[in-house]
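In what follows, subunit A forms one complex with subunit B and a second complex with subunit C.
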Partner chain A sequence: MQSQKKNTRQKILEIIGENGFILIFILWIIFLSLTTTTFLKSQNVFTVLRQAAIVSIAAIGEMLVMLLGGMDVSIAALLGFSGIVGVSLMVNYGVPPLLAGLVCVLVGGLIGFINGILVTKVRINSVIATLGMMTVLNGVALAYTQGKTIVGPQLDTIAFLSRGYIGPIPIPVILMFIFYIIFYLVLNKTVFGARIYAIGNNEKASWLAGIKVDRLKILVFTVAGFLGGFGGLLQASRQGSATSSMGNEFLFPILTAVILGGISLSGGKGKIQNTLIAAIFLMTITNGMVLLGISLYVQGIVSGLILIIALSLDRLRYRKR
Partner chain B sequence: MTTILSLKHISRAFPGVRALDDISLDVGQGTIHALVGANGAGKSTLIKILSGALAPDAGEMTFRGALYAPEDPSKAIRVGVSTIYQEFNLLTLRTVTANINLGKEPERFGILNEQVGRKRASDALARLGASTIPLEATVGDLKVSEKQIIEIAKALVSKCALLIMDEPTAALNESEINSLFRIIQDLKKQDVTILYVSHRLKEIFALADVVSVLRDGKMVLTAPVTEVTPDSLINSMTGRKITGAFPEKYTVLEKEVLRVENLCSPMAFEDINFSIHRGEVIGITGLAGSGKVELGKALIGDFPIQSGQIYLRGAPFKPSPSRAKEAQFGYMPEDRKKEGILEELSVQRNISLPSLPDLSRFPGFIQFNKERDLARQEVDELDIKTPSLNQLVRNLSGGNQQKVSLAKWLATGSEILLLIEPTQGIDVGVKFEIYKLIHKLSSQGKSIILVSSELSEIISLAHSIIVLFNGRIQAELSGDQTSEEEILQYIFGQIKKEKSHEER
Partner chain C sequence: MKKIAVFVMIVALLAACAPAATAVPKPSAPTLLTDKLGTAADLVPTDAEIKDAKANLGTGKIGVIPCTMGSEYHSTVANSAVARAKDLGITAEVFDPQAKADQQISAIENFVSAGAKVIVICVLDPAVVKPALQAAADAGVFIVQTSGRESAINGIGISIEDSDLGCAAGELAGEAINTILGGKATVAILDYPDLPNVVIRADNIDSCLKKTAPNATIVGRFKGGITDFGQTSMENALQAYPDIDVVASINDAGAYGAMTALEAAKKDPAKTIIVGIDAEANAKDLIKAGGMYYGTVDTNPSETGVMAINAAIKLLANATLQKNIKVDVVKMTKATLK
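Let's look at the complex of A and B:
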């Protein structure tokens, strides 16, 4: 096997060469570990990873949709909406936390399913369909909560999801890695995964090969919904409450993580592990600036610039080929 | 011999067109059955009906003795009818293995069995004598001929008994065509029936057992190949007599319009020098990968140039499509569908597109009557067959689309025309019309750069011929004093001809 002959150093160089953003990520880490004393402390590392957990889990769903050549802009609204449903069931209706959590995830899946139907059967462009869905979900969330925060002692029972530890490792970090391992296997070892790449690469060829393209697309949107719903549960656990706007902050980082991670906007191309790295990268940007004591007002400028540089490097490399 | 596929009284109409009119056809098992016909004869419609992409309005088909009425292409594939279209349906980003197994991936409980997948793929490739293609290669990186083999391998894995091939040699060079023929003969020995759709008569005589001719939606002839001649086939395809003779070339005028000096481009071509005069047709030919297409594209700014200079009417020219347009330098690209026409726009708008600034009044309102007149003029001039100027170009036949791709540049009054493979995938009837057109344009003093793999067309049309080999000029020949045999020697790099010193 040729690939096994290469030594680790060559492999690492190859991975960096393929993904310009990883180089910037590494430089950023080196910079932070030299300029701050706290960045590489395990406590801070776990803080970063914990912050990355929700974004990166929801980003798996977004990534699957984008591998098909689509885009789900409702994922953050879906996350917030499912969170509200779950919290409200627990607080207002006394539903047992396990059941409420399950419903929370299922609601996400159901919304994803509807997205899938709109995209395949009604034939609406995925960006437009999910944009509509996002608006509806945000509206319903606002109407239902009346802009108030839903909070109650029942939520303590799910707090462990975001604040608990197994040994020294926070539970959300463990969940994050479990999800990534599962979906790595799904994408690389299963027929389902092979067909996601196939459809994203050439929908017509896949259809001609007898693949039920619509059914698979609906399934992907549904899975994305489940993941978003689970993200909502984690966010509810982290906040210990639910608000109508609880999903809003996630849209930008989710999309950025997936695109930065190198998923082609036209579909069919990209690796899931890069999405994870990109999601963690995003969190180190904010984390690093806090550690550096950069003013909140300047943080937006810096994080935007770092992203643009990382993406440019990627595209320039790509163009050179 | 048993009949594997039988068509009885198949008809299909589209608004305004009767594409297929009462077609009956029997295809014998294990034969190579060729299907020929002029543009718009109904070949594409027939292929679509056979492959399940289209349903007939009337008539009945049987396949292996059972009623055959596939609802969609995947059903057709399942019963053993696979179609390889001119435009491949491949996953260009995926591996050879993934492509060959697409849609029928070996699995257990949804988990891919990669070993079985690789085995199947390598078996299929071995059957095609193509074990050299690496299973892990990305299909987009393969050569066209290899991609075609992948398509055939896909069909084998789905156990096809009837393989329909639509113009399979359109993008292949001579040696690739020969190996494809070997593959097809092998498949025949393995009892796979081939329906071979082509416009290249030479291939039909080399390959087919039986030939059927479609004309204007009717099946006008089905006969063993031994009982027909090229002339008789052309006659039944066109219903009129076409002689193989080309019109005589016009004399070239003295004035130089375009000169290329020491043009180099990384990986494609090196040290290219030539010039072209008013009314001259210059032919550029070579094998696939010789750099001929890249050279053509570079002239118009569609391929990067590293060094060297191009002069247009004596002034340095930095290639770009917009500057070329200003300099009345028009370009008919190789990939008609992707680059030459806008399928979803009307014939009128396709023709007028580069001329729109001249057809509009301040501050940019299009004068539709002028646009219509211009389009009408070109449609008449080039004899483009379209029911109306508002017809979408994607509804035209390939040859007429090609004419539209050229018409838009003629409409802007282009003086220099770059044509890349202008007759690729076009049937003989329209091909000859395009030859006549090139000839006429030359007589009007227009200069034409003709990049083509078809030697007969280069020899008959071009005043001078440049043969490229491995990116370098292997020979410069005069169109009047050369032969296909001579060009072939240069094309394969067997001998090299230094630039002749005689002045024009």
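Let's look at the complex of A and C:
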């Protein structure tokens, strides 16, 4: 009887440990549902999901890199830079939106590829290599824009990407779920996905098992670049303009979403669906504080506390081990 | 013989005294007056002052530290300062602190080490950079502040005060509320609490709007400053306060984002008012187009940059000038932009 009780308690602890931040997320949702009249309204739910779209799509790329045991801190700068390229092509050079959008994504992929080469062939630590890349991209963005906003009516043609709807559902939300379904399948049902986890768990053993580690790493950085580039296109569409600082504010939420989602910093562990939930959770924190009417000057404290509690619960599982 | 000796002595005495009697000794430091607020015209240097300034500058340079190069206003101030210096044949270099006060400290120290004799700075946080500015001043470097004109150390302050800017935007929004919305409105203020000087703008938007349109309701302050923050904040604010029909922003960049959110919420452009600050080219285009972007406050960034270098010349030439210089605030609407 006593051992049965112990088992139940252990199971509860296990569930809390495995899904700590999700538990806090659910409690936060319940709290907001009870204290505000608007939180659960479909319009607000879609607002939150739409706001989560760009962060969560870019976070897939970051998550892939982190599953390998690396980190890409240039992802936000890459997002902003790609967006500037796409917008500039449309506004300053009259390039058709489809082609400009394609170039925007390709530029992201190219930067990701260079990151991959720096990490695998030049053997620079991924954080340092991408930190350097981030600085370069921010510098080029500033030099090119001269601090000015690039804007023009040409951008109306891509507005549907972030502001359009299919039925009642915003297009960025649909895109977000499509990307997550695809990468869920890639990570869980393909050899490519299995190899990413394998390298993250034990790079040397993977190499000995015949996995072409460097090639796969370059590919992952390139994919992360493509996703960041696509995020840049969405952001350009969302704000209908491009500035040198575009993307700067994305690094913190992207990294937070991935880490909160339980992706191990040493690689090899983590579920993609948790990254999505974490990204949405982050957006509900900002949204909820506005709905609750919390002063702008204390919002940082509240959001920090919520994140600390969520991460603390989540880390129970590591302590348990 | 005696007569000759006396004559020679008289001539020698006259010769010794003559230069002292006619030449005016050059001052070794600038004279800073505090009796009134100076204007741009007061800072225009004479040819002699330019010559003296160049001589005193020697191989030194002017360091320009804007608040950030990532916004049109600040980059225009810095770029126009550099252009003015170039016109005068003087070296001016820019360091971008990326809106980080601690980066401004490093920039001040680096410019002093690099031989700068004047630092033109947009102070992000006076309390944080004061020790570094004081150290620079102690090393003989002149400071030209393009923000917070009252607190300039060893130099002068040229600025539109943030309080003046905020008040102008608040009045502009209030006037629009009275004329377009009949005096009643639901107002959101876009703030940027990370920077103390900018909060002063928001405070004054708040107070001056209330004075101009006392029946308007301000529902809260939301994070703006950059387009994405403005947009996200307004999307969220509209969920809590769907009646928001006026947005007064501490800058244009945040206001663009708010406009996108208001448009997405299908707000009637004829009954929705957005007011920003900075008079960016995009803002002026939007105002001319006649939509919901009602007005902006011109901060005159090009002129501010030129004035900063003119002031540097005057300081280097040890001239006499006012310590506090005013940049005029200009409210811009469709009517005034025509």
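To be clear about the criterion, the second predicted complex is superposed on the first by the 302 of 321 C-alpha atoms of A that agree within 3 Å, B and C clash if a C-alpha of one lies under 4 Å from a C-alpha of the other, contacts with A are read in each partner's own complex, and residues count from 1 in each chain.
Keep this in mind: contacts are C-beta pairs under 8 Å (C-beta built on N, C-alpha and C of every residue); 3 or more make two chains touch, one makes a residue touch a chain.
Everything quoted here is computed from the prediction, not taken from an experiment.
For subunit A, the partner with contacts to more residues, out of subunit B and subunit C, is C. Using the contact criterion defined above for the overlaid structures, shared-chain residue A:E249 touches subunit C, although it does not reach subunit B.
By the touch criterion stated above, A:G268 is placed in contact with subunit B alone, subunit C being left untouched.
In the superposition on chain A, A:T190 contacts subunit B only, with no contact to subunit C. Looking at the shared chain after the overlay, A:Q235 reaches subunit C, while subunit B stays out of its contact range.
Of the two partner chains placed by the overlay, only subunit B lies in contact with A:A205; subunit C stays clear of it. Only residues 36, 38, 41, 43-44, 47, 50-51, 142, 146-149, 151, 163, 235, 238-241, 243-246, 248-249, 286-287, 290-291, 293, 295-297, 299 of subunit A touch subunit C when the two sit together in their complex. Residue ranges on subunit B touching subunit A, taken from their complex, read 73-74, 77-78, 89-94, 98, 102-105, 107, 110-112, 154. Of all the residues in subunit A, the ones that touch subunit B in their complex are 189-192, 194-195, 197-198, 201-202, 204-211, 268-269.
Put simply, subunit C touches subunit A in their complex at residues 68-72, 74-76, 79, 96, 191, 193, 220-223, 226-229, 231-233, 235-237, 239-240, 253, 256-257, 260, 264, 280-282.
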